[in-house]
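Letters are used for the chains, namely A, B, C, D, E and F, taken in the order the chains are written, and counting of residues starts over at 1 for each.
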């Protein structure tokens, strides 16, 4: 097996909600990996803004022009999911120092659990370097305008959900 | 051009001296990229321990079992070298928070200078997470044993150079 | 309009409870701005120790000798409140690295939402550099003495509330 | 009183669950202090995985070969507990930058509350530098293998508790 | 004296070379302070790219449209210079965590030396958040294009100096 | 051998110049260790303000009331010096995040070189938390008053040296 054959990337996360920052990482990672899977962690312990199904749907909409990307949901350990599906590298975006520390701890833990699975990081694009799902949720909660931070499809979806009274932010 | 065709990685650095940490990153990056170039920055402004030629030689020795890796030297801006040679991504290893800040500043600067060239980071392996060339040089300067930190070829080379009186650490 | 006319500062926060660190920032910011508004964020999602009204009351008591400071409460986005009230700059205190990262992310987000509103930071005074409301609440919860960390009026208020059984720390 | 007579160390923490990192710190601190007390903070506000009694029991099992270590539980402020029991120094392990900031804030707060009680820190051992109780709890929650991160007695205890349906991770 | 009368801001620095980041801070600080002095530190111990006179000249050119800003040079301690000239606050820009730490150490030192002089910080604008004089000097040294990072006047000056062989980068 | 018998602490450093922060750490470490050696690193590669002999002399003067402390100079690796002299633990003071990272890297390197030698850290006292030898040297260089930062003996020594024209700061 040659190097290029074996690389199947996994970009795991909560994606609650997907932001322009996530989309930026997906687009760039899709150029590094022949195949990239974006996987929504179904962590029932958290109280999400969007259901896992909604997040999968929105990620599919915003990535429909990127042909080598697939969207899915998963449960359990990220490295276990990666191994079961033949994924050889985990992709993560980095923004700030606290991000980096958490990511480093995760990477070293995952090296113990699955030494064969690599973790690679992308620096943020300047224009999305300060964006996070939690900031978007907070702006939404405080009645602000989230359009500079999320793809149009995500904004439209949230706007409609709010107008129906379905979203309790 | 398919994604996998275009990926040619560049791992730039001073490599003065090459450490086990560098070798670990080279080995892992060589599995992510179909072709990987390790390039020694010929920055004449610094007073190096090893000449650029010696560093290229040592890197070739310690990577001779990795078939898709080539070693070279370069001058000038890293992104300019990458573009001239058709390299599409820069590889960097991350260890500490101060590393990360410097790397982030470089990545954002490089995005301005060459938006088409990606930067990807590797987390350190646990066993090399604390190693740096400067620590190795300091231990050497203070008369300590560098064998836990560098490949055997590097240690042998430095030991012989010291015994000949050629190395002023 | 001259620069000095247009500056009306806003110092927003939770202030649950007000600490000597908050008072230090208010005092110093009141010398920089012709007018300073200290505004308690009425974020109903959190379970506060003190009500918003109590926090406004205590902030008024501890700042009654500073003539150009007013105390109020607000809801919604900080930049929206600032704009509605003609405030031109947001004041924040900085203590540690994690403070700084969060503040930087907020400032960059606010630049997107309201480019006309500036954010300025004050370094902590040495003697209050380690104080936070959450530490004060934890010490109170564990039965410790909070008098080195809060103004006397705040301590007296909390002590009376505890003695009445009104405070469930 | 000579220096060596008065040193009685206190290693406080949640220990929910005890990890190989905790055991490493205990072992090293037991060589620095003539007597060392490992004390489980009984902070009723948190929803722990293990009861305080279970944590005390497990810490006793994993330290039974270290003769100058005692295990106990405590409530209230750490410095108050230390003073009541004649302990003269608090021991803490450090891992990452955010750890360090929190620890520094605590140390400066404790200096105010109890200037006679010292705080000393241990660097992590390389092999436990990335381990935390919260990571272990998360791996357990996600169905992963915790054996690389905890002493065998802790793993056996958790495994049996899960098999009995007593542990809701 | 009213608050607005006494505020005379000092923005000290090396400014070797002035960048778009410096200009951004000057512009924003000139709106906060009735009068702002930008002062080039004449620290003879460093080997600068530009002379102090050249830096003063360039700063004057790039700020000539800002009426309440003056440019000067100074020697000795910043707080001593501020006090001699009736300046009441020092302005600094913040970018990264290591910036912040150094700035915090300086601010606390200056509080000891001159408690009457305040220090206030500005967050970076997003588009200049990664720029530093040292990066510009390094790009110049490596033969790269500095036009995205410095005002046009600075670029023209450096280009001419290089073409005359006057600049040894 | 009992734990308390074997503890002989080593506090290594440059101490150029000794500050109130160093004295604070010495005083506190002398209460933790039965014997404490303060050792000036004779690193000929740096251009110091004070000679090693002057630093040893000044450290002796400022610690003459602490009976279990000895002052010395050393060359080579710290862990090699510790082992030759039967010292079992290295003492270091911590101030900021960058300190911490460097210290962590050193501790992990020293664990490889000498696993039997422990490293313990002290948090700074609040009042010396921002002091460093390099800041003191910079203030001296700029003609400022260093009396808030160094013991009186150090200030008197430096003042006399300057008046004789022996100190080129």
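Basically, a contact is a pair of C-beta atoms (placed from the backbone, for glycine too) under 8 Å apart; a residue touches a chain by one contact, two chains touch by 3 or more.
The structure presented is a predicted model; accordingly, all values stated were derived computationally and were not measured.
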Review point. Shared touching chains for chain A and chain D?
Key: B, C
Study note, to complete from the structure: If chain centres are mean C-alpha positions, then the most distant from chain A is chain F
Exercise for review: Please name the chain that ends up farthest from chain E once chain centres are defined by their CA atoms averaged.
Suggested key: D
Point to revise | Intercentroid distance (Cα basis), chain E paired with chain C, Å | key: 30
Exercise for review: Using mean C-alpha positions as chain centres, tell me how far chain C is from chain D in Å, no decimals.
Suggested key: 34
Review point. At what distance in angstrom does the C-alpha mean of chain E lie from that of chain A?
Key: 39
**Study point:** Where chain B touches two or more other chains, by residue
**Key:** 97-98, 101, 104, 108, 126, 129-130
Exercise for review: Report the complete set of touching chain pairs.
Suggested key: A-B, A-C, A-D, A-E, B-D, B-E, B-F, C-D, C-E, C-F, D-F, E-F
**Study point:** Of chain B, residues touching chain F in the complex
**Key:** 95-98, 129-132, 135, 139, 141-145, 148-149
Revision key, fill the gap. Chain E partner, complex, touching residues on chain B are 45, 75-77, 79-80, 97-98, 101, 104-106, 108-109, 112-113
Point to revise | In the complex with chain D, residue positions of chain B that touch it | key: 97, 126-127, 129-130
Practice item. Give every residue of chain F touching chain D within the complex, in rising order. Key: 2-4, 6-7, 28, 30-34, 68, 88-89, 94, 97, 100-101, 103-104, 107-108, 111-112, 118-126, 129
